[in-house]
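Letters are used for the chains, namely A, B, C and D, taken in the order the chains are written, and counting of residues starts over at 1 for each.
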Amino acid sequence: MLFEQLLFFVAGLGALAGALGVVLIRNPFYSVLSLVAHLISLALLFLLLRAEFMAAAQVVIYAGAVMVLYVFVVAYVGGSDEPLGPEGGPLRRIGPLFAGVLFLELAIAVVGSSLDALDSTGPEVGASFGSPGEIGRLLLTKFLLPFEAASFLLLVAAVGAVVLARKRRGLEEPDDGVPTLSVADVLREEGAR
Amino acid sequence: MFTIHLSIVVFLPFAAGLIAAFLPARVGRWLVVAATLGVLGYAIAMIADFDGDSGGLQYVTDDAWISELGIRYQLGVDGLNLFLIALTALLWAAATLWAALRTEDRPRLFMFNMAFAETAVLGAFCAQDLALFVVFFDLMLVPFYFLIGGWGEGDRVRATTRFTIYTLVGSLLMLAGAIALGVLAGPGGDLSFSLAVLAERPLEAGTQQWIFLLFAAAFLVKAPLFPLHGWVVDTYRATPIPVLVVLSAALSKVGVYGFLRIVLPILPDASQHFQDLMIILAVVSILYGSVLAFSQDEARLVVAYSSIAQLGFIVLGIFSLSELGSQGALMQMVNHGLVVGALFFIIAVLTARAGSTSLARMGGMALRAPVLAALFLVVALATLAMPGSPNFVAEILILFGTFEDKLVYGLVASAGVALAAVYMIRLFQRSMHNRTEPSAEPRELGGLDLAVIAPLTVVIVALGVYPQVMLDRTDEATTSKVEAAATAADGSPSAAEAPQAGPPGGGAPPGVQVQP
Amino acid sequence: MDITWFVVLSALIFATGAAGVLTRRSPLVVLLCLELMLNAGNLALLSFSRMLGNQDGQIFALIVLVVAACEVVIGLGIIVAMYRRRLPIDVDQMNELRG
Amino acid sequence: MSATGYGWLVLAFPLAGTLALALGWRLWPGRAAGWIGSAAILGSFAASLGMLFELLDRAEDSRSLVGTAYTYADTAGFRADMSILVDPLSVFMCLVVSGVSFLIHVYSVAYMTSDRGYVRFFAYLNFFVFSMLLLILAANFVVLLMGWAFVGAASYLLISFWYRRDTATGAGIKAFVINVIGDVGLVVGAFLLFDGTGALDYAGVFEEAGNAFGRNDGQLVAACVMLLVGAFAKSAQVPLHTWLPDAMEGPTPVSALIHAATMVTAGVYLIARMHPLFELAPAAADVGAVVGTVTLLIAATIALAATDLKRVIAYSTMSQIGYMVLGVSVAAYGAGLFHLMTHAFFKALLFMGAGSVIAAMGGVQSLDKMGGFRKAMPFTFATFTIGALALAGFPLMSGFFSKDEILAFTLNRGGGYVVLAVAGYLASGLTAFYAFRMVFRVFFGEPVPEARELERGHLHHGDPANPATGEKEDTEVGFPGPEHHVAEQAWPMKAAMAPLALLAIVAGTLGIPGVTDTLEHFLEPTFEDSRFLETHPSESSEWLGLALGGGLALLGIAVAALVYLRRPGTALQLRERFSTVHTFLSNKWYFDELFDAVFVRPMAAFGRFGRSIIESVFVQGVLVGGTVGAVRVGTSLARAIQTGELRAYAFLLVSGLGGLVLYFLIVSV
């Protein structure tokens, strides 16, 4: 029990610190690293919640793959220090206030909730709860449709990213002589060029 | 024996338009023309096959659509919409043919929108479910928005904005009315929007009245009738000709058709209650439209205002609440569609020769273009309801229907017949006779233009020689539609708040209408 | 540990992320803060899943993960495209979509 | 073949002619179109004769036949068939119309030779004859209206035949619009009858009228008055007459055919056809009689002052139609129709002669510029004089018997009708005067250069110009063309004029009081139900009337001879002496100005007002502008939220979320 509590507080503080780091650090590169720390802490919390598969996915996909993407982009764009100063108008200054109010509301909602189960550690669950096997079975039976939709979404996002990031002729870079054909070109009426 | 599926008729153009959008333009445009001709063929087969003795619906399609709200996909044909469908098919065939021959700018998109518009209009005419009708009614706006905005002339942005917003506001009022009608008429959540069901669920007279006003607003804007015709001027100026033909000939009929199909059977007491108001609007439209038609210099606007006057006649016929009047109104819808379509094509031809739509710049075309002059003459005479034209039969029925109960209004309206002679003959004379303007280049109709205009003229003449072909098939249906509203005058329970002093068995004498 | 702790922690992380979205100017960091908010959501989903002893919540979280991945891909793609067009990478200077 | 079969043939010939000419307008070379058109009308005339003989074969009480082709319109109690009525009246009218039309077609074959619109002219002319025959043969109001309106349209087309003249097209519009007003009158009249009797066919209406309406029943009188409006519009009776003088813009054969011999008599035919109704509604018949009398007087006075040759004849037409309307309105049907027939002969003849003179003048129509054509055009002189004698009612000419029979009949009705008869006699004196004013001014006196040239065999060719405005003519459509050689020289014109001259002399023998009553006897079956059938003036009073009329005619001619032959300056002196009267008359009693002030200008003003105020301020400004404006305001509010700032959107989102949570917190408490 104590171990779990200890782990919760360590991981929770880690996650919180990571989150604050993301928000407060001015250098985007360190923000990314801070997010990695946050994600790993979160993965620990997931373990506490008996979501082994999700914890693994969190570390492998998020902290691993996605964050690498971030790092690359930061490196490419060149993460310059951003002033945390007053620019951006009044909205920017009251931003934290809004966030605080939101947290208060949510906290009141959770604490003041009459849901008794919240104050428990949850029911006893079998050893296979949250295991990759269980999740896989659910994905291919009960949640087949969302699963397929998600895969399609990924495909669309991939195509979208290609279209967005590809080189364009005649805008800012000299023509490299390689003709490109986009989906938009196919759909455009002839004569409208 | 083949069976007629209305869904095919309705959606054929849309499907063709969609396919054509992915074909090369020169193939695609002819595919759309072929589809409109197919619909026309279907419509002709329907007229031939139609059982004129039955007043009921034929070729019915009836499926559940949104069952939670009691909305059904219900299509059907009776005498009321048979010829309007044929009219729509004919005009779209003519207009797409016309467009196929000359639209150079984004032809596939243009043709797709035309086809889409035909589907929407056919759907509105066929729909037998109020919700479905509303859907098609609003759907009509979409292709026309793009057609006018994308291919219009002159100040097309302003025209499109005004047209869309103004008619959309009307449509939204109707949507509100339709929802209210369905909800209030369906006690205890037993919702139904089927017109046949609604007609059997009479509402309180007071409720009927405000719902009537909502519907009337939508239909009168669409028609258009004075004073809700404000969108006409800009729109008629800007709209490209093939679009204008179908806009003026078919689209405007959906509004007045709505009165016969929906308002009269479902809101009989309110129709009776507002009879005088509607007749006054109609009469004012007739006179106002006529007077303005002959003080216009722009050919398109002459026809625009003449349409207002003609639609005034149609509304007058409908709200005479007599069988003769409605029969005449229905016939006039078809006739007006035919003549106005032909007129706009002719005006397009004239404009091409004069280089301007101004009557002052035309003139003297008859010498070099005798065939054009002859066709124009036939159409112009039909427009002014020359006896022997189908329009005459329609107008005499309307006037006879009106005279029965509302003699005074009828007499005032008949002045409109004389005024029609003034503006139509003026239009003919200014463009065909007198001296030729130096800037105009009179020349004869091309063969392809002739192929568009001549068939319309032939139909006009044929209907003038034998109008019975139409009356035979329509009169059962029209009679049944007016019945409820006409008898509401005789003191049915819900009309009790408007006591009538009418003679037994007859309609109320003019002016005895008591406003609560 | 009671589930309440997890949920409150999730709310705290969510609010922190929201504060970041509202205050930071670099779109890159805004995206990071969005990740924070999504992860806070995931934490809440898993907490409730544990509370109910039902694995459906975990599937939800997984889907959120997918969505987050997509968002990252598109978001970063936009940032790269902006960079290559020499556009300022600053959310306060982007208002092309003004109506 | 049955009589109705011939009836359909009567219609079929000119219709076929119209279609053949119109559709084959490029095929017909030279004068072929003219001869085709003439042949079609001759066929019609032959078929009319066929009808006549078929009818004569039948017993007198079964001489009314209806032939139905198909149901034209039948719905909700409204029933109209495409049907024709063959009875003595319609046969008589068919004979007159097709006969005179044939001669005028023949005349036109030559007269229109050099016109570029030759084929078009004959297509219109055939269409006109078809329409007129349809009007005559109609067996119900719907078909009647069809013929009625077709006639109007044909007349419009023919008046504006030379459509480069804006005076011609203007006159066409005027004629058409007034005719449509008449049509509307007929429609209303037909409704009032339909409302009472439930029928639209003549037989049904007449049968039921007696049961449905009492004598002088308000609705019936109203119906008859509306029918009269139609009749007046078509027959150019006051106040709907102003189109007729203007219609002289059309080619002269048109004036002869439409605006003298046939179309304008349609009103007379209508009243005769509707006589059972008018006898039930004597009040309406009296309206007809009074209007007829007023018209005959007014027109005769205007004719005294008019200087345009064709317009003088046009006013005389109005005046003569006035006599006919008076006749049929006072139930002198036989006499009225008799006059219709003789008038058709001599008026067509007069117009043909006038056409010949105008051709000789190179298109000039003013009497002031004519003179001395007697020697140059002996044939025209002879026939024109015969026509003028008949018009004046010179003893033993055709007009003498027919006109005076009407007046004798009117006198015989007694009471207030005596006043009408007196006016009629007065006008007959004026008629003789202006008829011979024409003869003397055109054919006597010092020959004008054109006449001298013609005497030497040369035809004068003026510059083609519009006689009304002096504007240069567009000879591509405008007549007379440069190679116009018709005056006195074309045999078809003479061939048409000679029979008419003969008829103008001898047609009176069909109804010499006490000697012959052929026409009246033939028409009797149609009018046998008339209450006035037996109330015929006595022979002696008729002869007394004839003597009086003949005397007045001689007096008129004598005065004209005095003024224009013996003392040529008198006319000018008179004009100066009575300049007010002259101005009044030469301005045609200011009817045009009256209409202009009462209808045209207010309408135009309202049109301008509507365009500038109602349209732009109210309809487009307030209604459309208001709606669009309201939507615009709404959208600009919505646009204000769309700042494009990411942060603003994020704030909106977070506030929304916060608000939502707050809402649930509050609700759950």
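The rule is short, and it goes like this: a contact is a pair of C-beta atoms (placed from the backbone, for glycine too) under 8 Å apart; a residue touches a chain by one contact, two chains touch by 3 or more.
These figures come from a predicted structure and were not determined experimentally.
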Centre-most chain [mean C-alpha coordinates]: B
Using mean Cα positions as chain centres, tell me which chain lies farthest from chain A. D
Go through A-C and A-D and name the pair with more C-beta contacts between its chains. A-C
What is the distance in Å between the mean C-alpha positions of chain A and chain C? 5
Whole-Å distance, chain C centre to chain D centre, using C-alpha means? 90
Chain B and chain C: spacing of chain centres that average the CA atoms, whole Å: 55
Multi-chain contact residues (two or more partners), chain A: 88-89, 91-92, 95, 98-99, 102, 106
Junction residues of chain D - those touching two or more other chains: 647, 651, 654
Interface with chain A, chain D side, in the complex: residues 647-648, 651, 654-655, 657-658, 661-662, 664-665
Over in the complex, which chain B residues touch chain D? Could you list them? 161-162, 165-166, 169, 226-231, 233-234, 288, 291-292, 294-296, 322-324, 327, 364, 366-367, 370, 374, 377, 381, 384, 386-388, 392-393, 396-397, 399-400, 403-404, 411, 414-415, 417-418, 421-422, 425-426, 429, 432-435, 466-468, 471-472, 474-475, 479
Report the residues of chain D in contact with chain C in the complex, numbered from low to high. 638-647, 650-651, 654
Under the touch definition given earlier, write down the residues of chain D that touch chain B in their complex. 22, 25, 70-78, 120, 142, 145-146, 148-150, 153, 156-157, 160, 163-164, 166, 169, 172-173, 176-177, 180-181, 183-184, 187-188, 191-192, 194-195, 474, 476-477, 603-604, 606-608, 610-611, 614-615, 618-620, 623-625, 627-628, 631
Report the residues of chain A in contact with chain C in the complex, numbered from low to high. 4-5, 8, 12, 15-16, 19-20, 22-23, 28, 31-32, 35, 38-39, 42, 45-46, 48-51, 53-54, 57-58, 61-62, 66, 69-70, 73-74, 76-77, 79, 82, 84, 87-89, 91-92, 95-96, 98-100, 102-103, 106-107, 110-111, 117-125, 129-130, 134-135, 138-139, 142-143, 146, 150, 153-154, 156-158, 160-161, 164-165, 167, 171-173
